[in-house]
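Multiple structures follow.
Both complexes shown next keep chain A, but they swap its partner, so chain B is in the first and chain C is in the second.
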Partner chain A sequence: MKKGKRTWIFANKPSLISGAAVGAQMEKEGPMAPSFDYFFDDMRAGKLSFEMAERAFLQKACNIALEKAALQKEDIDCFLAGDLMNQIISSSFTARDLPCAYLGQFGACSTSAQALLVGAALIDSGFAEKVLCATVSHNASAEKQFRFPNEYGIQKPPYSQFTVNAAGAGILSSEKASVCITAATPGRVIDIGITDAFNLGAAMAPAAFDTIKTHLEDMALNFGHYDLIITGDLGRTGHECLMDILSDAKMEFDSKRILDGGLLIYNTHTQNVFSGGSGCGCSAAVLFVHYLPLLQQKEIRRLLFVATGALMSPVSMQQGESIPCIAHAVSLEVM
Partner chain B sequence: MKKGKRTWIFANKPSLISGAAVGAQMEKEGPMAPSFDYFFDDMRAGKLSFEMAERAFLQKACNIALEKAALQKEDIDCFLAGDLMNQIISSSFTARDLPCAYLGQFGACSTSAQALLVGAALIDSGFAEKVLCATVSHNASAEKQFRFPNEYGIQKPPYSQFTVNAAGAGILSSEKASVCITAATPGRVIDIGITDAFNLGAAMAPAAFDTIKTHLEDMALNFGHYDLIITGDLGRTGHECLMDILSDAKMEFDSKRILDGGLLIYNTHTQNVFSGGSGCGCSAAVLFVHYLPLLQQKEIRRLLFVATGALMSPVSMQQGESIPCIAHAVSLEVM
Partner chain C sequence: MPKKQINASYAPVVDKRTAKIPVAKNCLKAFFIGGLICMLGEILKNFFIDLGMQEETAVSSYLVVIIGITAFFTAIGKYDNAGQFAGAGLAVPISGFANSVSSSMLEYRSEGFVLGMAANAFKLAGCVIVWGSVSAFILACIDLILEVVL
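Up next, the complex of A and B:
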C-alpha cells in the first residue's frame, strides 16, 4: 500500500476457485435463476423458524461451494462470514460445523465484498491457503427484525427494496486459477443524512461513488479498464442516484457497464420487489454464480465488484439517527 | 502459516504503540481505576440514550489513543472495531468521524483480539501502516438489548457477569516499537451445549482452552514462555472452569499466571458484579491501559491475550439454541 492510498494490491493474486448460491421461490422466478445452484421450495427450508432457515441457506451454499471445488471442510483455513441477523447468528452457528478459524464480519449488505477483501489479504500474505467467504439474507427474518413481520402487510414506498432469500459462498485459494483478486479498496463510512430506513439505495449511492472513485484513482485506471462494474445492492433508486453522481462529477463512464445486483436478481417489472433486491446474499449470489462463471469462461475479463452496506440498526433509526453507509470494492480479473 | 496450523506468525512484528481506555463510575471504583485514562461521571455521558453514550465512550477512547500516539485521524489507514449492539452501531457511527477504511468486526467479547489479529495481519503484509483497533460495551445498553432494562431489577444468578461500561482502543503500527504482536491464533467455534444465557463463562472456557492449546502447540511453546496469559472475559465461574479443563488435560501451568479480565477490572468481593466483568470493552480496557504499560516498562515481557466471545443472540436463545463460543489469541512481546 502506498501512503495516502486506500487500495490494496495483491502481488500473489489470490484466486477465486469456486462459488455457489442458493435461493427460494422468488429467486427461482428471477432472471438469475438458471445460474443458481439450488432452490429451497419453501422459505422455512423445513426448519422451525425463519432464522433457522436462513442458517440452512448459508450452510447449503457453503457445502455446494466446497463440493464444486472438490474440497472438504477440513481443507479450509478460515471462514469469513456475516449476515444481517443481530449478532450475525446465521454465520456463527454455521461456523460451529467448520473446524477452521472463524472471523465474523459485519458490513450489512457490503459484507460479501468485505469477506472477499479480508480473505484475499490473508491468502496474499500467506496466513491462509483456502478461505471460505459467505453471506446470507432472508426476507422474512430480516423484515421481522428490521421492520415488521411480513404477515402485518405493511405498505412500502416504491424506493424500498426486497431482501433476498439467498446465500452466496465463494472459496479463495493460494493456488493459481483463471480468476484472481488483483486488488481491493476497503470503504470508508459516508453518511449524507438520510433518515428514511426504506431509502437505502439513495443513502448508499454516495458510498459506492466514493469507493469506485478512490479505487480508480489509487490504481490510476479509468472506467474503461473494467468490462463491468457490479454494485450491490442499490436497487433502481440507488442505481439512478449513482448514475447522477457520476455524471455530476463529470466522470466518463458507460452506463451499460455499471450494473446492480439488486436489479439483476429480480425482474423488477413483473416481480413485486419495489426498487429491487437487497440483503447480504444478493450481491454475493449474483457474483458467485453468474459473473464468476462468465469470468471463468473469459466472456468478461475484468470485473469490479462493489458491495454496498447501510450500517444503521432499528434502534439507531428509532433514535432519529441518519444512515452511515459503506462500499467495499474487489477487482476480479482473468489471468 | 504452516499447513495444518491455525497460528499466524508476524515476520515484520507489528507494534502496539498506543492504548487507551475510558470507563464510568463502576470502573472508577474498581482495582484497575488508576490505569484508566478517563471516567464519565454518568452512564449517559451527557447523551440522550444509552446507545449514544456507548458511542461517546468509544469515540473518547479512540481520541485518547490517537493523542497518546501524537497522531491525527488522518494518519490512520484502517479502523477495525466492533461492539455488542445489534448491527454494531457504536462502531459504525464512530467510523463516520474517521476518514479511513472501516471493517466492522463481530466476535462478541472476543472482538478486541479479533481486531488486533486482523490489524496485525494487515500491517505485517503491508496493507496498512497504522490501524486503530477498538471495542466498547455499556451495561445499560447491553442489558436492555440482551436481557431486560436495568430498571426492572431482574434477579441474576451468581455465575452471571456484569457488562462493563468501558471502551478500549489501541493503535498498531508498522514502525518499530518496544511492544510487538509476534503471533496470533484465530479461534474456531466451540459449543458444548449450554443453553443458559447467564452462564457465559462456563460456555466460553472450552473455547479459551482450545485456542490456548492450539497456540502453544502451533508455536511449540509451553505455558512457561508467557509471563502472563490474560483471558477475557470468563469471570470467576469461567476462570474456574478453564483451570479445571487445563488440569484435566494434564497440562503444566502456573495458575497464578493465568488471569481474567473480568476478575481484574472489578473487585468481585465488594462490587456487585456477580462472577465478574464482561463485555467487549472489558478485556480491551485491561489490556490497553494496564498490561500494555507493564510491557512497555518491561515489567513483563511476554503476554498472551486470549479474548473470548459468546456468539448467541436473544433470538437464538429464545429459540432454544445453545451458545457457540470462540476465543482469539494474540501474543504480545517486548522486543
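Up next, the complex of A and C:
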C-alpha cells in the first residue's frame, strides 16, 4: 500500500528471519569482526581470479543464511541479489546453483536495501513466501573494474573510500517472526553535480537526505521514532555532509543515532581505508550480522536502514558526467 | 539532466567536509623520493661505466635494473603501498611506467596470456607512449623550424 509520495507500507509484515555476512582480512581487523560469520584468509578465496573470489564470498554468505534459518535452497522462492561487477555476474553466477526464481538487482551500494524492499513487496503481495536477499563486493575486483589495476601505485585522495571484501545475505519470510519490515521508501535519483569519482560520500549524502526526509514525511514521523538510522556507505566525508544538510534543513535529530555502515565496518583511524568502507557488501554485512541480532534481542526496536548508491560507470566518469545517486530506506521493527 | 557544477547551496558543504589533499607534503615527498630514485640511477650508471661500459650502454643497463626492481616490488604487492606514500615520486621516474605495465599485466592475467595480459599491458602506459611520441614530434618540428629560421 502506498502512503504519501512514495512510501510502501507492508500490511502483512514480512519478517527478516536470518542474516549472514562473510568478510576477509581487512574486515577481520575491523570493529565489526565479532559479528561476522566467516572470514576468508585469502583475498582470492582460493580461486583463480578476484571475480571468482567475489562469487565465493556471496555463495558462502547465502549458505550460512540458509543454515541459520534451518532452510534448504529448495525452500527459497526467489533470490534477489546484486553486486558491482559489470552485468552483475557475481549474483547471476551464484544463482546458477539455486533452483528458484532470480531477479538481479543493481543499485550500486544501495543494492542491499533495494533487494530488501523488493523482497518485502513480493512477500507482502503473496508472490513469494521465502526470499533470499544478498549482495557482495570485493575490493580487488572493484578496483580493477572502476579504478586502476590493484598493484598500480596511484596516490588516492584522503576522501576516497575502500570497497569492502564482504557479502551479506538475509532471508525474508511470510511467517511471523520478531523482526519485520514494516515500510520502505524507494529512492529517487539525485545528482548534485559532483564529478570526482573518489568523492562518492559527498555525492550520495543528498540522496540519503532526500529519502530520509521523504520517508519521515510520508509516514508522518519524526527522527525520534527510530532508535537508529543506519546509512550506508557514506564514509566520513559523506556522513559529515549528511549531518550538515540535516542541520541546514533545521531538522531535529540526534546525531548519535545516525550511524554509517562505512564508518562502522572499519576503524578509520588505524586501518588504511581513507574516509571509510563502501561497496554493496558493506551495508548488508553491517545490517545482517550486527543490527539484525540487536533487533532480535530487542536491544533496539526500530531501525531505519538507508543504503546509498552512486550510479556511475567508468565510461560515464571519463565522459565528464556527474554522479547520479540514490538511497533506499527500509524500516525494520521488532513486533 | 547532467550537471556541470555542484549545486550552489551544497558546494560549501562539500568543500568544508571533503578532506584536503596535502599538496605541499605530497610535493615534498615526491621531490625526495623521486630524487632518491634518480640518485640510485646515477649510482648504477657510474657503476656500469666503472665496469667498462660505454655511457649509452650504461644508461640502458641502469634503466633495465630499475624496471626490474619495480616489477619485482609490484609483483610482491608492495609498490602500490609505496605509491600511496610517495605519489609522483614513484610515478614520474621510469619506475612509474614499469609499474603501470607490470600491474596491468598482473591484473589481467586471469583473462589469459593473449587477450588478457598482452592486450592490457599498455592500458595505462599507452597514453604515455602516444602523447609522448606526439609531443616529441611537435618539439622536433619546432626545433627544425628554429634551425631553418635562425
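To be clear about the criterion, the second predicted complex is superposed on the first by the 331 of 335 C-alpha atoms of A that agree within 3 Å, B and C clash if a C-alpha of one lies under 4 Å from a C-alpha of the other, contacts with A are read in each partner's own complex, and residues count from 1 in each chain.
One rule holds in what follows: contacts are C-beta pairs under 8 Å (C-beta built on N, C-alpha and C of every residue); 3 or more make two chains touch, one makes a residue touch a chain.
Everything quoted here is computed from the prediction, not taken from an experiment.
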In the superposed arrangement, which partner chain does A:Ala101 touch: chain B (first), chain C (second), both, or neither? first
A:Ile192 in the overlay: touching chain B, chain C, both, or neither? Say first, second, both or neither. second
Is A:Asn63 touching anything from chain B or chain C once the two structures are fitted on A? First, second, both or neither. neither
Identify the partner contact of A:Ser178: answer first if only chain B is touched, second if only chain C is, both if each is, neither if none is. neither
Once the shared chain is lined up, is A:Gln296 touching chain B (first), chain C (second), both, or neither of them? neither
What's your read, chain B or chain C touching more residues of chain A? B
Touch test for A:Tyr152: chain B only (first), chain C only (second), both, or neither? second
Between chain B and chain C, whom does A:Glu321 touch in the aligned arrangement: first, second, both, or neither? both
Under the stated touch criterion, which partner chain does A:Ile245 make contact with: chain B (first), chain C (second), both, or neither? second
With the two structures laid over each other on chain A, which partner does A:Asn267 touch: chain B (first), chain C (second), both, or neither? neither
For chain A, which residues belong to both interfaces, chain B and chain C? 48-49, 51, 191, 321
Per the touch rule above, chain A residues touching chain C in the complex are 48-51, 144, 148-159, 191-194, 199, 202, 206, 236-237, 240-241, 244-245, 248, 275, 321-322
Within their complex, state which residues of chain B touch chain A. 1, 3, 6, 8, 48-49, 51-52, 77-78, 82, 84-89, 92-93, 95-96, 98-108, 114, 118, 121-122, 124-129, 145, 186-189, 191, 311-316, 319, 321, 324, 326
Show me the residue ranges of chain C that touch chain A in the complex, using the header's touch definition. 1-7, 9-10, 13-14, 16-22, 26, 74-75, 77, 79-80, 82-88, 90-91, 96, 99-100, 102-104, 106-108, 110, 123-124
